[in-house]
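The data blocks that follow each hold one structure.
The following pair of complexes shares a single chain, chain A, combined with chain B in the former and chain C in the latter.
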Partner chain A sequence: MIINYIPILLVIAAAAGFAGLVVYSSTLFGPQSPNKEKLSTYESGMKPVGTTKERVSVKYYLVAMFFIIFDLEVVFVYPWAVQFKKLYNQYGISVFISMLIFLVVLELGYLYVYKKGGFKWD
Partner chain B sequence: MNLEIILFILFSVIAAASAVIMITRANPIISALFLVLNFACLAGLYLLLNAQFIAVTQIIVYAGAIMVLFLFVIMLLRPEHDLTLQKKSKIKFMAAAAGIFVFAQLVYIIFFFSPNASQKTSVQSSINSGTIEQIGTAIFTKYVIPFEAAGYLLLAAAIGALVLAKKKFE
Partner chain C sequence: MNIWEIIVITLIKILIVFTLLLLTVSYLVYFERKISAWAQNRIGPNRTGWKGALQPFADVGKLLLKEDIVPVNASKVVHTLAPVIALFVAFTTFAVIPIGPDIKLFGYNIQLVAADVNIGILYVLALTSLGVYAITFAGWSSGSKYSLLGGIRSSAQMISYEISMGFSVAGVLLLAGSLRPYDIVYSQSGWLWNAVIQPIGFITFFVSAFAETNRLPFDLPEAEPELVGGYHTEYSSMKFASFFLAEYANMIISGALIVTLYLGGWHFPWLESFGLAPWLVVAIQILTFIFKLAFILFFFMWVRWSIPRFRYDQLMNLGWKVMFPLSLLNLVWVAIVVMYIKP
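Let's look at the complex of A and B:
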């Protein structure tokens, strides 16, 4: 039933409320006396140069790809963690071993990427 | 009206509206952020269908990881080149044809299609199969070999990403 997800809704509401409070508290509580100089773009005291839409480096893309791969790895762990006790009582150690093989295979990939310098910023 | 129907209408209206807003924005970053809202509403719809694991995966993988990748791709592109909406009439015609086809299919399924007896029982059992307990049991008993194969697939993806994206090795 959808009513069982009320705690999750409360967590989301608390997170969104806290984020909103942090962002808007400075405009809410801070004194405001704007003028033209204050509202202009600030760039280390210099006159601002160039565009605001800079292209980011392609190196971020590699980080994002590894993030997806290891994110998907973790997604498989959630159902295993929820059902582990029940399956362990039913099937024994093989439930643990099957997850261990999965994780070792992926950690080998992690080690390979690490040793090849995939996380290095050069 | 009970709570499920109210939430279903709310999530579907926001999902449809955010999808329309997404494809009509000129700034691709705003499009991507509306896609995040769309994914969040889809997660709510999955939750209403009792598919809690898919709902959480939708948030973690799609709204989290995939959108990070999308935003990086958008920011990698030359910003002055992607500020024009697609105006080619041929592509518009193809897109309209595909949209009408999918819409007709949905209308047929919702209003004219009547499932036979075996399909009705499979619907009944699939309502319960979306919970994380059912999925965990299925993955680690019946589908343990495909699960390990998925591990090797992710390993291949990690190595492939490294080889393709990093030309210069140590």
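Let's look at the complex of A and C:
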């Protein structure tokens, strides 16, 4: 029923409004006297060296890719988990076996990544 | 109920939930400082009000009166957007967690939750994933090396532990057969809580909750000795306060989720058999929820002062090589429980 989602919309609107208000309030009461030193990047009192717009280690991209692959499996598991009791009463053990095969395939991929050194961090 | 009644009741609930969350966060910070002090044999805040009880308000007042600094190297829009996202996520998530059974008030049947949706758990997982954006944006947009490293580390850590978290929750869904928080709580009445039936899932979820909230021993994103303040190094005034608030609100949400999913929500074992008045039963159940939540929050702080910080590779190894297989194992175990032990 769509009517059950009205509270969620209200909560989202209220939270967005509140968050915006809090962040906006940081400019309201404080003094505004910026100077060059104050606006420079913090680097423990030294003059900033280099930029941050540099390349990031490829390891992080790998982590992000693994996340997408394995988190997608979670998406497939959820509907099965929610309907499991009903399906088990209807079709018996095959419901469990089919998901087990899915998970084993997933684990094979996991083992492959493991063997290839995808989970080596230094 | 017609649509206007729903809107009015929801607005009142939202007001109450937000106020409660804000107050709890303020006093959580206070208790964190007091417990830290106690753990380190110090006194802690004790000047503002009775034993320092007004300290949270003094802190907010101070932060309000601070100058709002946006560094020249920062990209302004994203820099401002990040704390908004952090706060938004923290305040929307709490809305679907029920803290007690239905109560009757002025002839209405009131649910003790701001929004009761049948996809509650999915909603929570979706929104907590958005929380990663706040930290990544903050780290990237600040234009500072410390922020960038903190932000990248944090996002890598959070997405790594989100997988084991997702699989642990799947175990709970198997038993409850529903995504609705109410059904999950009702599925574990009595003492057969999910923590008893699936201890592995409970532990993996608990550890992942620590990593998701960036708490010690997984607080690498803001490891002070090496990264200054981590992703919020370049934030000041209420923008800094937003991150602080969101962090503690996330702690409360994780605690409430642990209680709802694994510790039986508001259930008090054998309460129905005592033969108490209905209003007393409800009151005890709400207090039970609050007590469980308080204990989990105390546990968070206890761990903070008991376990040293992990190294980055240890943290990732734990997430990918221990938590992930364990949570899969838990899923298979729960399926077997559903099939053979619990009809």
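The rule is short, and it goes like this: the second predicted complex is superposed on the first by the 85 of 122 C-alpha atoms of A that agree within 3 Å, B and C clash if a C-alpha of one lies under 4 Å from a C-alpha of the other, contacts with A are read in each partner's own complex, and residues count from 1 in each chain.
Please note the rule applied: a contact is a pair of C-beta atoms (placed from the backbone, for glycine too) under 8 Å apart; a residue touches a chain by one contact, two chains touch by 3 or more.
In this text, all values refer to a predicted model and were calculated from it rather than measured experimentally.
Trainee: First (chain B), second (chain C), both or neither: which does A:V56 touch?
Mentor: Both: A:V56 reaches chain B and chain C.
Trainee: Please work out whether A:V22 is in contact with chain B alone, chain C alone, both, or neither, and reply first, second, both or neither.
Mentor: After superposing on A, A:V22 lies in contact with chain C but is clear of chain B.
Trainee: Taking the superposition on A as described, I'd like to know which of chain B and chain C A:G30 touches: first, second, both or neither.
Mentor: Only chain C is touched by A:G30; chain B is not.
Trainee: In the overlay, answer first, second, both or neither for which of chain B and chain C A:L111 touches.
Mentor: Neither partner.
Trainee: After lining up the shared chain so the two structures overlap, which partner does A:L72 touch, if you call chain B first and chain C second: first, second, both or neither?
Mentor: Touch status of A:L72: first partner only.
Trainee: Does chain C touch more residues of chain A than chain B does, or is it the other way round?
Mentor: C
Trainee: After lining up the shared chain so the two structures overlap, which partner does A:E43 touch, if you call chain B first and chain C second: first, second, both or neither?
Mentor: second
Trainee: For A:A64, is the partner it touches chain B (first), chain C (second), both, or none of the two (neither)?
Mentor: Both: A:A64 reaches chain B and chain C.
Trainee: In the superposed arrangement, does A:F102 touch chain B (first), chain C (second), both or neither?
Mentor: It touches chain B, and chain C stays clear.
Trainee: Pick out the shared contact residues on chain A: the ones touching chain B in one complex and chain C in the other.
Mentor: In chain A, positions 3, 5, 51, 56, 60, 64, 66-67, 70-71, 74, 78, 82-83, 86, 99, 103, 110, 122 sit in both the chain B and chain C interfaces.
Trainee: Using the touch rule from the top, collect the residues of chain C that touch chain A in their complex.
Mentor: 3, 6-7, 10-11, 13-14, 18, 64-73, 80, 83-88, 91-92, 95-96, 114-118, 122-123, 140, 142-148, 152, 155-156, 159-160, 162-163, 166-167, 170-171, 173-174, 177-179, 228, 233-234, 236-239, 241-242, 245, 312-313, 316-317, 320-321, 324, 328, 331-332, 335, 338-339
Trainee: Which stretch or stretches of chain A touch chain C in the complex?
Mentor: 3-8, 10-12, 14-16, 18-20, 22-23, 25-34, 38-44, 48, 50-52, 56, 60, 63-64, 66-67, 70-71, 74, 77-78, 81-86, 88, 93, 96, 99-100, 103, 107, 110, 114, 119, 121-122
Trainee: What does chain A use to touch chain B in their complex?
Mentor: 2-3, 5, 51, 53, 55-56, 58, 60-62, 64-76, 78-80, 82-83, 86-87, 91, 95, 98-99, 101-103, 105-106, 108-110, 112-113, 116-118, 120, 122
Trainee: Considering only the defined contacts, which chain B positions touch chain A in the complex?
Mentor: Answer in residue numbers: 3-4, 7, 47-48, 53, 56-57, 60-61, 64-66, 68-69, 72-73, 75-79, 132-133, 135-137, 139-141, 144, 147-148, 150-152, 154-155, 157-159, 161-162, 165-166, 168-170.
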